[in-house]
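Okay, so subunit A shows up in both of these, paired with subunit B first and subunit C after.
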Partner chain A sequence: MPASKTPLYEASTQFKNWRYSSQSLAKVRASLNAAAVAVIRNTFEVDEPGSSSALSFLTPDEEILLVRLYVSKIPQLCGFFRFPEEVEATAVSYLKRFYLKNTVMDWHPKNVIVLQSRLTALFLATKTTNNPISLEAYTNNIPKTDPSDVLDLEFLVAQSLGFEFAVWHAHRALWGIWLDLQTVPTAPRDRATTQSEIYDAALRHVRASRLSDAELIYTPSQIALAALSMASAQLATEWAESKFPSGSLSLSTLQSTLGSIKTLIEAASHPVDVERVRGVDLRLKLCKNPEKVVGSKAYLAKKAEEDRKAEEKRNRKVIEVEKAMAEGDPFGDELAGRLVDYDDDDDD
Partner chain B sequence: MANRMNWLQGKTVRKNTPAGSHSRSSSTPQVHSTSSTIFGGGVKDPSGRITEYSSDDDQCPVCKSDKYLERKLRLLVSSCYHKMCESCIDRLFTLGPAPCPICNKVLRKLAFTPQTFEDLGVEKEIAIRRRVAKEFNKRLEDFSSLRDFNDYLEDVEDITFNLINDVDPIETESRIAAYREANAALTLLNSQREEAYILSLRQAEELERKEKELRAEEARREEEEERQEKESGRREILERLERADGADAAKVVQRSKRERAEKEASRKGVAPGKGAQALLRARMAAAAATAATKDTPHIPFQDDYYAYNDMFVLQHVYVDPSSEAVRKDREGIMRAGGYRVEEAWERAVRSAVAGLDLLPLDHEIDAFHGMDQGGDVIMSAA
Partner chain C sequence: MDAVEKANTERQKRWVKDQKVGEGTYAVVYRGREASTNRKVAIKKIKVGQFKDGLDMSAIREVKYLRELKHQNVIELLDVFSSKTNLNLVLEFLDSDLEMIIKDRALVFLPADIKSWMAMTFRGLEFCHRNWILHRDLKPNNLLIASDGQLKIADFGLARDFADPGYKMTCQVITRWYRPPELLFGCRYYSTAVDIWSVGCIFAELMLRTPYLAGESDMDQLKTIFRALGTPTETEWPGHTKLPDYVPIGQFPKQPLRDLFTAASADTLNLLSQCLIYEPRKRITAKDGLNHAYFFALPYPSHPSKLPKCAAQLTAALPLEEIDGNTLTGKTNRLKRKLSSPDDTKTRSTVARRLDFSKPTPGS
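So, the complex of A and B:
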């Protein structure tokens, strides 16, 4: 590989901003969880002192469990709408990335995706992968859903994703490997048709990998190769050896990487323990950030606070304008000289 | 002045809008003689003509006759901005000034103008602005500071607004009168300046036009000369051939051709026309100008990406059941424009080898995404 050039994958946002090690993933989740718990506990205390001691907040692991459950619901929806695989995979990635920037306790998964309410991540994915569907057609087919449910969160989701919508997928890499296997000199040309059950099995493993954290740690090509090697270890080795000279360093590291991906995929293949999720979900209802629950005391308090701030800001502006009118030229004096606060955003 | 006389010569364009529609741009303008009515005002287009507004829904508010009953119905606008038809105007105002049948303001026949805009409010505003601009023509140079000039402009805008919306008209008129008295000399001077400027513009235009004509004339003359030259050359060759008795015809033709080429060259080289010289100079100046601002050579966007091209060899065709349907579809019903399955294959194969040898992040190197922002990310998302 020429040293001066950036490889295409390493130029992607997926590589730059969404690549973690398993340790850093755990750390991110733990810190998110800790911060959320602190804030929510505080809100409860302000609301009613002592009320938070009775609550048991979710642990990071329990949060992952919930996210995984709702990720697993996306394929059902995609099957219903007959969305292509690309949309499904993209929506899953979006949801996972979203919950690396937000916590379940702030946004219940049901609010972001799945079943009755917000399907924003999936809707966003249909648009970013060029499979657009009209909002009405989308929400009309999902019971008890309004277009506004989807749109309310759309910007927040996009913002959490850092507006980085392009995702490299493992299923495409798997297709590529399957095609490229035909160039291996010893391979029979018609392998693609005669051994298609291997491809199907590998594709199933790729789909299972979506429930795991694999895509946040490994590259799509590695995941695809691991899935293939689970379906047929011999084919995978054959292909990997055609790419790297046998006995080379990269080949051995690749082998160990594939091994850890396989464990991840195997772990993800087990269905989620529904009973346990139900228990977690029940507890979540109790410890959801009250500021986000419409009608609660904390919600009203937050609204009032926001209104007060906006009012204050308006007053400040009026005073400033009056002052400017009184003491100087309403058209402004010189451009330079006076320091003007141009920051008119609503972020303070 | 010539422009101002147009209405006397009856150069007015009429526009007919089809019934129901009020768009003013759909129909072709037609020129009508307007010698029966005398008017001034309206808005002139650059060629100095007045494009008149009329629609099939027109109805005279005085006599209630409309386009349906009277094809020639034409509505004019009074100085109090009420419309009435020409026959009503003739009937009411031929014997001298009379009150407007709608608002009782005393009007004269001469004060009726053609309608330019569908909305009479616009008509009124334009007329008022024209009037105000004539009175208030001070310039930035007439003020000591920009601030004063801005104040003055604001005053003018106030007055204009009052006039347009009839806000205390008496006071406004007295303000205008006071201003007129105070600045009579300056106003006159400025209007003279304005006229002089317009005159100079017009002269420059005229000069340019004449020059163009001159050049065209010269080109025509040169062409004619050349044609004559050719004609005489041919005649000469014929004469010589007659004399040379056809023995060495080719030689004769060649010689006379050479002679003619020489003559032409000498004519062009020795006495180029005055216009041609000027043209040459202009061209040289232009060339010098472009040479002075020489462009840096254009460098197309060069992406320095490594696309793993040494990791795979793309085949011309693959055995690929999943894309079979698309490939068999000759009419392209399943494909978007420009889709080629080869490109899809290439993308897939490329992503199969992309980042294959990348090591997963180790915990030490892990410069950590979002540890420090982690806390505020969730809450700012609210």
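So, the complex of A and C:
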């Protein structure tokens, strides 16, 4: 197949780096969880030997439950700011991707660090979707939030995303399918107006899908078509048959894919079990990574170590510069170059 | 340390900063290399700490789009990492830009050379537009030239995506001399045609060896355009008098392009005129530009490796020992890569506009 025939979507970072099977997704989460547990257990032991045995760490499933809860809070916040749907959808994707690289045991959203990852993901999404808002206006409207709460995590969130900011969304795919449906030969002329409630219903299913893992497993257009078929199986078939010959193999494969997505969306439509979340949350408070809890022994130890390293580096720089001064011609080119580099102290 | 931070540190170690080659208001550019292969790279260090809103928009745009775009004629973003309060973009190293080449009076351009640069510009731009991305700052010093002669579109700090019609966008984009009339009239709904206008201006500049439409203010820019191409009529450009910032500029007659571009072929002038059509919807698209007869007519485009190179590029192409042996002088200042800012154009000479264009360009 010539290169130009490759669908644009398949050249995207989303297609290349953020697509999983449900098995690989489970594996990623399990190993992330295991690594986090090992680190935290060790930190507790260093802090106070024997202290980790009393803890019951979160399981990967329990982490998912919490992430789902955090994700479900984003639409509320977006509604308050009247952000466009793209901002909301992007923030949700960022948060999900963030928690494929970080664990809730480090970054718990109900503490001082609380909302941080969520607020930062949303703030970053306003910028990456070209809907910027000043940080001041943003934090002024969120109780008990300082600009630094948002900015402190910005690098970590951006790094976790691999600096891959572009996200392809199912609601855009749905809009595309909806436009297509108005031009298929069998379409009634007034479909855009008379059948718009089908589009609205499909959009609600797309929004529900954001609470699920669907976007990490399926393409935006697959999710959109599944959402449409939940709203109107007949319209979904009409569209699919305009793209694939009826009875073809791809059509039947598509049907089974749509079935799996529907299951995900339906499961995501049930409200989060509040009692269960409360229980998980309580245990999380006990097993939070102590290095991140301000004032704990482990936190202070880590901070002292960082301060010591920074001091060491400053001293080394001073020695280097003095050495350069002593060795080189103070008016020579080389020295000038090194002095400029002195300015740039982040190389090592 | 978190796994994510560790991964960032690992990435940071892959690259070595060697020498500062340029500094702008928001970034410092270093020449550097990949530690394991010694491959030359450019590292653009963006100082984030100074922005009260965190990562700034131009850095975000640049990273967002370059992460997605991989094409021979678009600069390649090799890596991104953060260090303290800085964001570092690792870009492929490119010796010079089209502005340097145009200004290098020692170089003679053949029509085939111009065709080659235009083909590469159109190819890169067609790829951006196919990916629903508007560049919004095309100008000769954002078209960088690799040591093998390949042209690469760079600086996506003003880029944005576009999809639905009727979505408002800012008209404060594109460096003035390359800005199309619809933006100068304050149009908030526009398309890929804005980039094509810039390409037309660059095309003309390659032939003239001086900026084609060099206005001294936004108002003067419109006057300069109309003086060169005639004041548009309502038939030529329906609805332009209704644009938000429309003001009557005065009546100027249409000057045949032939009068200025005396040595250009009919195909050349046809493509140029199609890039500079007033009505944005009639302006040629990048895709149609690539299929234009100009690119299929003789002389064929020069092979990139055969294109004229400016002195800095020749220096960079020499083996390292020779440079270290100081057989060449004044190398460092020529390697300096200019950071683009809308104001840097002011310093360019306005005297150049008084050159006599009636003579054919050398070699054409």
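The rule we apply is simple: the second predicted complex is superposed on the first by the 293 of 348 C-alpha atoms of A that agree within 3 Å, B and C clash if a C-alpha of one lies under 4 Å from a C-alpha of the other, contacts with A are read in each partner's own complex, and residues count from 1 in each chain.
One rule holds for everything that comes next: contacts are C-beta pairs under 8 Å (C-beta built on N, C-alpha and C of every residue); 3 or more make two chains touch, one makes a residue touch a chain.
Quick caveat: nothing in here was measured; it's all calculated off a predicted structure.
Look at subunit A after the overlay: subunit B and subunit C clash there. Of the two partner chains, subunit B is the only one touched by A:Trp168; subunit C is not. In the superposed model, A:Gln234 makes contact with neither subunit B nor subunit C.
Residue contacts after overlaying the shared chain place A:Leu100 against subunit B, while subunit C stays out of touching range.
When the two complexes are overlaid on their common chain A, residue A:Ser134 makes contact with subunit C while staying clear of subunit B.
Touch criterion not met for A:Ser56: it reaches neither subunit B nor subunit C. Of the two partner chains, subunit B is the only one touched by A:Thr253; subunit C is not. Legend: residue contacts after superposition of the two complexes on their common chain; A:Ser160 is shown touching both subunit B and subunit C. Annotation for subunit A, partner touching more residues between subunit B and subunit C: B.
In the superposition on chain A, no contact is made by A:Thr186 with either subunit B or subunit C.
In the overlay built on the shared chain, the residue A:Ala35 is in contact with subunit B and with subunit C. Put simply, of the subunit B stretches 20-28, 110-118, 128-136 or 290-298, the part that bumps into subunit C is 290-298. Common to the subunit B-facing and subunit C-facing surfaces of subunit A are residues 8, 11, 32, 35, 101-102, 106, 156, 159-160, 172.
Looking at the complex, you find that subunit A touches subunit C at residues 8, 11-13, 32, 35, 101-102, 106, 123-124, 127-128, 130, 132, 134-136, 147, 150-151, 154-156, 158-160, 163-166, 172, 337, 340-341, 344, 346-347. In the complex of the two chains, the subunit A residues touching subunit B come out as 1-2, 4-11, 15, 17, 19-21, 23-24, 27-28, 31-32, 35-36, 39, 100-103, 106, 156, 159-160, 168-169, 172-177, 179-180, 182-183, 189-193, 196, 217-222, 224-225, 243-244, 250, 253-254, 257, 260, 291-292, 329, 331.
Partner subunit A is touched in their complex by these residues of subunit B: 147, 150, 304-308, 310-313, 315, 318-322, 345, 347-363, 366, 368-371, 374-379, 381-382.
Contact residues on subunit C toward subunit A in their complex (touch as defined above): 2-5, 7-8, 17, 19-20, 28, 45, 52-55, 57, 60-61, 63-65, 67-68, 70, 80-84, 86-87, 130-131, 160-161, 163.
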